[in-house]
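Down below are the structures I want you to see.
Same chain, two partners: subunit A is paired with subunit B first, then with subunit C.
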Partner chain A sequence: MSTPSNSKLMLTGAGYNPVIGPGSTADSTNSLPKQTASQRSVSQLSSPSSLLRLASTSSERKLNSFGAHASIYDRNLHRGMHEISLSSMSFLFMEVIRMSLNGSESLLQMERKLNNLGYRVGLRLLELVSLRENFNNNLASSGKSNTAQRHVRVLEILQFVKESIWPCMFGKEADNLEKSVQNENQYMIIDSDPILSRYICVPKEYEGLDCESFVAGIVEGLLDISYFRCEVTAHSAPLEGYPNRTVYLVDFDSSIISREERLSKK
Partner chain B sequence: MPIYSFYLISKSGSLLYQKDFHSQNSPISKQNSNDYLVIASTLHGVHAIASKLTPEEAMGNYEKSRLPTNSNRFGLQCITTAKFKIFIHQTTTGLKLILFTSNDVSLIQATQLQGQLYKSYADYVLKNPFYRLDMPIRFRLFDDKVLTVVTGYNA
Partner chain C sequence: MSKQLKQLGDDIWKNQVEKINSELFTLTYGSVVAQLCKDLDNNYDQVNNELYKMGYNIGVRLIDEFLQKTQLSRCTNMHETAEVVSKIGFKIFLNITPTVSHWTADNKSFGLILVENPLADFVELPNTEARKKLWYSNVLCGVLKGCLEMVQLDCDVSFLQDSLKGDENTEIRVKLNKILKDEIPAGEE
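Right, the complex of A and B next:
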């Protein structure tokens, strides 16, 4: 095989080529996988440099078969619509629950596990959502500031959770935000129809278990990382017509409340 | 066009779910739970026998009928009696949805309704982490959903 044809293969491998037309993507998918397969068998025995080559060719192959954007890292973080199928999400969440149910001895431990899983999502979600908000503000070129705002007041951050985090995760705002009457460091975020557990109905032998602990963990994670130390728990509070209505109880640390008082005096 | 009752039968013939719907002058009387099991397994057996008995010439009927989700190719589809009809719908996984209806319900209408019920089964039973396959279904959400689908049709 001569070098020019090889380099041409590389060029056509980079996705749709308007000069060649539809054939540009169709042809390369046939020829490239064979090549990578043979290279893979070689690289298992040989030096790290060939491993590097394998990595580069396999990424090329991804580019070939899926078009211009191959993995999630190649895509722009800002997307106007970033919707995923509810069915696949439900099946995934179902397996998450099964997994944490299998390895735990009590319902409390199981809720703890779900909470921990969500916590790690929350840590990352805050960053992503602020970034996307930034993009949107820049695109709209409205009077809003172009940099992400760091929320320092309790009400501000809870509003942010209700009005920005919820639409990003579930495509709708949370239904209500309430302050507890009995306890001044408790706030409640209320969702009448939580999407993740829309199809989930807890049987009698697991009574008291709330699968929305996962979402509570997300909220806890993102509040923690923005310096609002708290604990978040999920409680189901069904109403007529809303069998899965859930209350996320946010229990702030006393240091947060005293900080809040200090800030409001200024 | 009232619907009298609804059965779900697993691919091995065990009864997963049974529900009678209230309607005036229903010819279906209330049975005890053992009888429901007997009805279910009898229908399952009869369906299997019928699929063996289907003559060669009738094998093409399924392809002509174009019922999208129904994989009930050669088996029993409908039993008509003097007082009610029984419609049997089999999904690709071997699950059977059986409807007992009044005589004026057509096969098309029954298939539509069975499709809707199949959808709620796929949503509210299969996506529920607490459900074990081939075990009886006892979920309040599924109950509610079946009731709204059928009452929506009865009305």
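Right, the complex of A and C next:
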């Protein structure tokens, strides 16, 4: 926990890199040199027009039925919610855990792997949820077309995680948000009944393993990418009636706390 | 027959299934595939295999829940099996109903056409070898293989085409090899 998490490497790994855009999932040897500097600077802006241009550059290979270029960017984010069975998710998560267990020498390493997998989910989830949320805000405030919001305060972003990210993932808000008494850079997100752990029973020889590290990774990913550098770890904290109750401990980098102090003074 | 099965699938989905937004599922699966590509050095044949194995592991367990929820008895022929897989199996786990089509003359092999694929939402394959070789949703084939094997149907299951690769449809082929004999597990009388 003391060294910077190796999950940061994900940003430059094989996954999708939001700074580069759709080309980032290609083999790095092929895709990176092809991108010109101007394209890259475009993709760093997130104004609608740049998104459009991004979409058009990424989809030169397939035509849709209207003869226009079709890509995932052409699809509406506001479709009806598709639901699936919780079992399917649990089965997939079971395989995620098996995959992380393979070749891991210690439980810590395994939790790190779970965290990494979640990290990448977090990067994408933030984009999805905030695009949607800002779109809804714009609809609600008729006339004012530009009320897109970005969270810059620690409490704001944690509220956002609790009230927007959690419902998108689990269909409910997180149960509680607490600030640590001892350390001013630590906050806790608490879920009394984490859905992913519902069908998991950790055997004795793996005591201490917390599969919720995956969710901790998601939170870490989305906080990191919103410029709240932090480490997030999951800790089981059972209460009577809630055997799976989990605390996600968010440990912010000291730079975030000093920024927070600076912002408070204004 | 087909209508009854559809009704049954819908009923189970409505009343017996705990539901969750598919997006976490989609993103998690994406993260898994990306990690596998990285771990296996972009050897897509191996990635396909690994996904298939994951699916198989899921399939042999998933069939228990399927049988418990549906209380169905044995299918009498492959046509019935195909309908059950599409209208009940896919419905109660992924909330989609693939179209059954392209039967071969010997009635042993059919195609499942996935109009929607929750696994592949938000997915675009990079224009590299991945587009040619990777069967992104191969886990589904493994699941079908595992499930069918558990009900004594030895089948080959594989993707024929995938719209992620620019194909017209997403189609899974299921081909029956033979019906396995009901054997008593070793050590039990």
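Here is the rule we use: the second predicted complex is superposed on the first by the 177 of 266 C-alpha atoms of A that agree within 3 Å, B and C clash if a C-alpha of one lies under 4 Å from a C-alpha of the other, contacts with A are read in each partner's own complex, and residues count from 1 in each chain.
Rule of thumb we're sticking to: contacts are C-beta pairs under 8 Å (C-beta built on N, C-alpha and C of every residue); 3 or more make two chains touch, one makes a residue touch a chain.
Just so it is clear, the model here is predicted, and its values are computed rather than measured.
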| item | value |
| --- | --- |
| Which superposed partner A:Val121 touches (first subunit B, second subunit C, both, neither) | second |
| Partner chain(s) touched by A:Arg98 [first = subunit B, second = subunit C, both, neither] | both |
| Partner chain in contact with A:Tyr227 - subunit B first, subunit C second, else both or neither | neither |
| Per-residue contact with subunit A, leading partner among subunit C and subunit B | C |
| First, second, both or neither for A:Ile84, with subunit B first and subunit C second | second |
| First (subunit B), second (subunit C), both or neither touched by A:Ile72 | second |
| Which superposed partner A:Phe170 touches (first subunit B, second subunit C, both, neither) | second |
| Subunit C-contacting residues of subunit A that also contact subunit B | 87, 91, 93-95, 98 |
| Subunit B-facing residues of subunit A, complex | 87, 90-91, 93-95, 97-98, 101, 199-203, 206, 211, 243 |
| Contact footprint of subunit C on subunit A as seen in their complex | 13-16, 22-23, 25-27, 30-31, 58, 61-62, 71-72, 81-89, 91-96, 98-99, 116-118, 120-121, 124-125, 128, 168-171, 195 |
| Interface residues, subunit B side, partner subunit A - complex | 123-124, 127-130, 138-142, 144 |
| Residues of subunit C touching subunit A in the complex | 13, 17-25, 27-32, 34-38, 42, 54, 57-58, 61-62, 65, 92-95, 116, 118, 121-130, 139, 166 |
